[in-house]
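Pasting a structure here, questions to come.
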Amino acid sequence: MSEIKLVVIGGGSSYSPELVDGIIKRYTSLPVKELILVDIERGREKTEINCALSKRMFEKAGINVDVKVSLDRRAALAGADFIITQLRIGGLEAREKDEMIPLKYDLIGQETTGPGGFANALRTIPVMLEICRDIEELCPEAWLINFTNPSGIVTEAVLGHSKVKCIGLCNIALNTEQMLQKYLKVDKSRLRCVFVGLNHLSIVKNVYLDGKDILPELLTQNVGGNSLASNIPDIDFPEDFLSMLGYVPSSYLRYFYFEEQMLREEKARIEKGIGSRAAEVMNIEKKLFAIYRDQEVKIKPAELSKRGGALYSEAAISVIDSLHNNKPELHVVNTLNRGAISDLPADCVVETNCLVNREGAIPLVSGALPENFRGLAQQVNAYEQLTIKAAVTGDRGKALMALINNPLTHDAAVTRELLDELIEAHGRYLSYLGKGGKK
Amino acid sequence: MSEIKLVVIGGGSSYSPELVDGIIKRYTSLPVKELILVDIERGREKTEINCALSKRMFEKAGINVDVKVSLDRRAALAGADFIITQLRIGGLEAREKDEMIPLKYDLIGQETTGPGGFANALRTIPVMLEICRDIEELCPEAWLINFTNPSGIVTEAVLGHSKVKCIGLCNIALNTEQMLQKYLKVDKSRLRCVFVGLNHLSIVKNVYLDGKDILPELLTQNVGGNSLASNIPDIDFPEDFLSMLGYVPSSYLRYFYFEEQMLREEKARIEKGIGSRAAEVMNIEKKLFAIYRDQEVKIKPAELSKRGGALYSEAAISVIDSLHNNKPELHVVNTLNRGAISDLPADCVVETNCLVNREGAIPLVSGALPENFRGLAQQVNAYEQLTIKAAVTGDRGKALMALINNPLTHDAAVTRELLDELIEAHGRYLSYLGKGGKK
Amino acid sequence: MSEIKLVVIGGGSSYSPELVDGIIKRYTSLPVKELILVDIERGREKTEINCALSKRMFEKAGINVDVKVSLDRRAALAGADFIITQLRIGGLEAREKDEMIPLKYDLIGQETTGPGGFANALRTIPVMLEICRDIEELCPEAWLINFTNPSGIVTEAVLGHSKVKCIGLCNIALNTEQMLQKYLKVDKSRLRCVFVGLNHLSIVKNVYLDGKDILPELLTQNVGGNSLASNIPDIDFPEDFLSMLGYVPSSYLRYFYFEEQMLREEKARIEKGIGSRAAEVMNIEKKLFAIYRDQEVKIKPAELSKRGGALYSEAAISVIDSLHNNKPELHVVNTLNRGAISDLPADCVVETNCLVNREGAIPLVSGALPENFRGLAQQVNAYEQLTIKAAVTGDRGKALMALINNPLTHDAAVTRELLDELIEAHGRYLSYLGKGGKK
Amino acid sequence: MSEIKLVVIGGGSSYSPELVDGIIKRYTSLPVKELILVDIERGREKTEINCALSKRMFEKAGINVDVKVSLDRRAALAGADFIITQLRIGGLEAREKDEMIPLKYDLIGQETTGPGGFANALRTIPVMLEICRDIEELCPEAWLINFTNPSGIVTEAVLGHSKVKCIGLCNIALNTEQMLQKYLKVDKSRLRCVFVGLNHLSIVKNVYLDGKDILPELLTQNVGGNSLASNIPDIDFPEDFLSMLGYVPSSYLRYFYFEEQMLREEKARIEKGIGSRAAEVMNIEKKLFAIYRDQEVKIKPAELSKRGGALYSEAAISVIDSLHNNKPELHVVNTLNRGAISDLPADCVVETNCLVNREGAIPLVSGALPENFRGLAQQVNAYEQLTIKAAVTGDRGKALMALINNPLTHDAAVTRELLDELIEAHGRYLSYLGKGGKK
């Protein structure tokens, strides 16, 4: 079994210890020899803290991994086997803008969906494609495991505009499966959930327990009615709602199905002085890094679980295990549709059940989407494809067209103002989008 | 040339003189021998007024047409060659509810689109399918020309749930073409507009003048920026908006693209005491029927043009001419897609350019929709198909699913309240929808 | 783990001991409690011999399985968990006609492909659908594992015209994989072959060794150039032929790619007095049953391997294991396409890589067929769908249309004569097809 | 109305007077000012004869057209409005090889279909694409009207590998329509035939008389059973054959449906000393040019009708009239499918009913092909697309793959020999195809 060089871009993320923990747990099947935490100057301090903690964690586990910090992405990438991207362009400050600015327009502010997620995508895609240029040159056989949000759009941009082998990940599917295992008190081997849709816009359309679809019963018990994402406020679904839907919606779907309530939640939060989720995360991170710095801390701190990335490392490490060891397993990942979901374009990126082995991710066929979900998925898919076009062309008119197509905006005139404000607020990250409708 | 028996269901409509005028103008190619104005008891008076006026009009034109009123639909249908349906279930009173009730929920109130159009569809489809049962039995070879709104949904219900030969019509395409002819000062033979989409959700994606697509230039001149429908308030499009879109949107698309402004317009109207458009139409109708009653009136009254149905008779009569006389001509009608628009299901009803002759309407291929229009069309198509399912099954849960899929609603909890209020308000017309999510 | 009732229809087949051997090998995971060998009166003797041998085999293996013969299919089916169909309508005598009659017309005579396979399908489909009616009534939850040839057509008929849960099997994929494992001297876990196409018309379009597609190299080494089916004569492929194809063709494809040579082979066989393959199999069977009858024989006789069904039991038992034990594994089976192969209809049955667990078989997406294989697969698919229509309607005109669409016929006039002779020769099995083009 | 510059490439064709006759008849709507007959040195004499005859014809008609011979294609193309290509690479000598060589292998020899048509396509595509390079440069707005056979493949190569605006033509549809008009004794305005398929592989799937499909009755009367192409021998269809088909097959389909009989016809012809059709045409042409040379001949000679191109000029001139005068009319032409026929790729060229105006040809939607025609059309479509690939890449292996996919070959080994002989026989025209399977 060959040894692995793993490069983490965005190594200063507070999630990094989670990842190190995952490596330790799977070390027998995934012998990581070199782990390079890459970041930019601005993230240097956090990255160095992560690096030091990682060393202590590996040492305590009795594992010999060469962990390094690098601010030189190209040097780090040379010869990499796997690259994990978990970057956030503009940091939590930018996320805060994504969450707060839309609220001024009475629109949902969220880092991965709606206008906020849109601004995030526009900041991120150009940087990700630069990284891909480097990968194509320096480690063309490496696998890129993308966690950078919005994960589906970013993965589609990578697969559509580079030759990089890429799988996009999200922890929602794993969390949903784990919730169901607990609820049903069954082992995971007895359960198979069919996920279809787009990243942060997926649904569970079947839950097979011992091969029998028990979803209809689960829905009458309101299973799936609670938010599984710590950054998404919970609301009560109207009675019967899940049964009428006929599927379990991703937690993010409550922004689409219950926009008014979610908007009220977001505003209430501000009014109560809680501040944005970004601000909250900044606080959590401050505390986390204080803990990470502690020389006595040698395992993943329990506090990390509040951060919202539960099972994040499980998702990453298990997929890398399948890829590296040619171990055919089912994972829910973001990859090219290729006809698996018949209502979405063959060349778009979907989030669905795939067989993953060293060849990559091969979707299982799932046919047509539920008819009451199809329209929304197609509308959001159109928004995503337009967003990628806007990012790749740098055309502000296309950016407006993309954002108008997002179901969480409702008026082109308002959207235009909002777009202008977002571009202005994000400064150099979005200045590549020209003025007016012209490039 | 065989003589024609024409049955108008909804004969009491104030549009009827427009239709009679159309018959007179095309009489040489369309020898209508018998014209039966069918209505229900409630519309008897108006129908009789229309009948008397029609007789005077035919007489003045020197044309011998046997015009009759009938409250017995089945008797009227026997042996019909063409049937025009222009009914409104529940009359203008119901329309007023469709326009007013959604406003309480800060949602667009409109008779053919949004929640109002939805309620209209649910009232109408069951009645239309009853009419189709009669046609299948009594005049199976007759053509049904449907004007009943929402025209696309109703036509799709007819084609999907009966064997009746049906073409759905709308006057928007003709008005758009005429506007462009006037703007360009060219004869209609030199101009071909490519319409694609759904009824009241269509766009002009090309304008060929002498075979060359001049749409890009027209858009820079803001052509297409004004509402062509007298019942749709006008608003100013942001500069460049049309050029960024790349197509001329149907006037109804301003409800989707400028929902906030349109909602403000609707509310302002109420605040100013203008009342609903339905109320306005009631007034117009009162005046119109006073004129129709005047024994001296023997031609189509000029006042009718205020009613909003410009070119309505032109649309109907020219299509009937193509059908009856096997005269191959291009018309923009509602018919089965069959692959003409590749982004929409083959079995849905689209509004697009068709060759019409005695065989019926055969769509011209137009390929993919513009990418910035595709998502909305697919979302609305899903809403329409769900609405038909709800109407046909009488399942209130499906009705909620349909309305949630309408882009002019934004919150499932609010939508559920609104749905309950609409069902309650429309009494016996919607009582076939059960309680809760059950049938 | 629940115990299994397994019903084998066509229990008198000489393959039965192979199956019993498979059950013994997997007994720990597949606890078969009851094995019923069903046949018709005509097969009674062979079935009883098989039953007695099975008992000795189970006894020797120390396994307690209740083996029985039944001529009462309905009684046997009641409560079945799995049903294996391996019947041959008309027996080897009918097969001999399928092989010999086409030769008179200078056309390929083969039991599963060409006009012979067509006659076989027409004899078999009506009987299989009768069996399905029984299953629907008596054991609706049972899985039908179909080996009856032509396996793809029969499976498509079952899935299209009954509610029975059915997977169609063939041993070709397993044999190909095993050949490659031996050639490459690698363990099966390191190899994944991508099979696409139809039963007896499939290709291997990728051979992944440790995740890397090595097929191009294999083709230059002429791997895949030998027949893997003992009933298919071998011929030499022209140099470079496999590399030009770009895939490994199923052994059956040599009837399509080298029709003239294969026809010469078949004729030479007759001229040399070898007789038909059916006659040869009759001889083999005679010898086999003489051995089976021997009370001292208590294990699967080595001679069975000449019969041509290598790995037949492996294919059946491993799929049953996945189904029964909800054990997700990849198998190459015949199931509904559902978009896995984008060039073939969603509702046809394809032979391709599937994940099989208790839910059934879920195809992995494979996208478009190689462009030089697509046309043939589409033509044969059309032939198959027409054949099923002919069998279901009993319309001889449709039967002629089906056979004309088979690429191994070349002239409608000749085909018509041949069809008439086949129908005549098969007597009561095909008398349900009327005269002329009428039913 | 602007004046027209028309360039005919292959101006030495004996069809040219037919074209001139067509121009004269439509001169009021198609004011051709300049007619340039382009040919290569080898065709100079014939072209000059055609030119002189054309001048006499125009003069007699009292029309002032500037007719010229040019051996300088590029000079001729500059400023052209329409280009008609009617060239034959290698002349009738090459056609004779296409007809004779396959016969040695017991395969159909035909200039547009089977191996002969294949060789023709391979000779022609490279030259056509050179012409397209010139058009792109010298007259990019001009319309290319292609008659060069095989017309569908050539048109697909042009549309797929150049930016030239091109419509492919064939006279079969017009001849079929005219035959039906005569048979039914009705005016063409009352009849609409629905043609679907590929060039020389089309069918009539509906015949609407006054809007009613009378095809089923026509088929019982054996209408469509006779060859409409003077170069295709007639054979008797088996009784009921047309009714079983359910459509009228193109005359060329008898090569596919009755290959054995057609092959016997072709061989009998040779045995009787009639020689190839090419040889026959050489004789006809010799006689024709003798007539053309006659200074007294000033109208289209009646003898031309024997040549086999009936209605050729009608097809060309009527389409040019629609294009030039933006006159929307229905024509059956070869153009991009774009979804009109749902069983064939969107980007292939089909032969079907189109609306033609100055925009070009827009197909009418026709949906799915008859199920008993679909497979053959898909197989031949695959052959065509592979042929274009072979011509564009010059890869002999791809050429073999293409020819194997042609339903009129039956054995890859034989096909390979045949291919080698064709390439050898056609010398410099096919020498661009390399050796073996390599380029």
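Chains: A, B, C and D, in written order; residue numbering restarts at 1 for each.
The working rule: contacts are C-beta pairs under 8 Å (C-beta built on N, C-alpha and C of every residue); 3 or more make two chains touch, one makes a residue touch a chain.
None of these values were measured; they are calculated from a predicted model.
**Student:** Going by the average position of its CA atoms, which chain sits the greatest distance from subunit C?
**Tutor:** Farthest chain from subunit C, going by C-alpha centroids: B.
**Student:** Quick one: subunit C and subunit D, Cα centre-to-centre, how many Å?
**Tutor:** The computed centroid separation for subunit C versus subunit D comes out at 44 Å.
**Student:** Which whole number of Å gives the spacing of the CA centres of subunit A and subunit D?
**Tutor:** Chain centres of subunit A and subunit D, defined by C-alpha means, are spaced 56 Å apart.
**Student:** Identify every two-chain combination in which the chains touch.
**Tutor:** Listed in label order, the chain pairs in contact are A-B, A-C, B-D, C-D.
**Student:** Inside the complex, what are the residues of subunit A that reach subunit C?
**Tutor:** Subunit A reaches subunit C through residues 189-190, 192, 208, 210-213, 323, 326, 328, 330, 338-340, 342, 346, 355, 357-359, 362-365, 367.
**Student:** With touch defined as at the start, can you tell me which subunit A residues reach subunit B in the complex?
**Tutor:** So the residues of subunit A touching subunit B come out as 238, 240-241, 243-245, 257-261, 371-372, 374-376, 378-383, 385-386, 389, 397-398, 400-402, 404-405, 407, 410-414, 416, 436-437.
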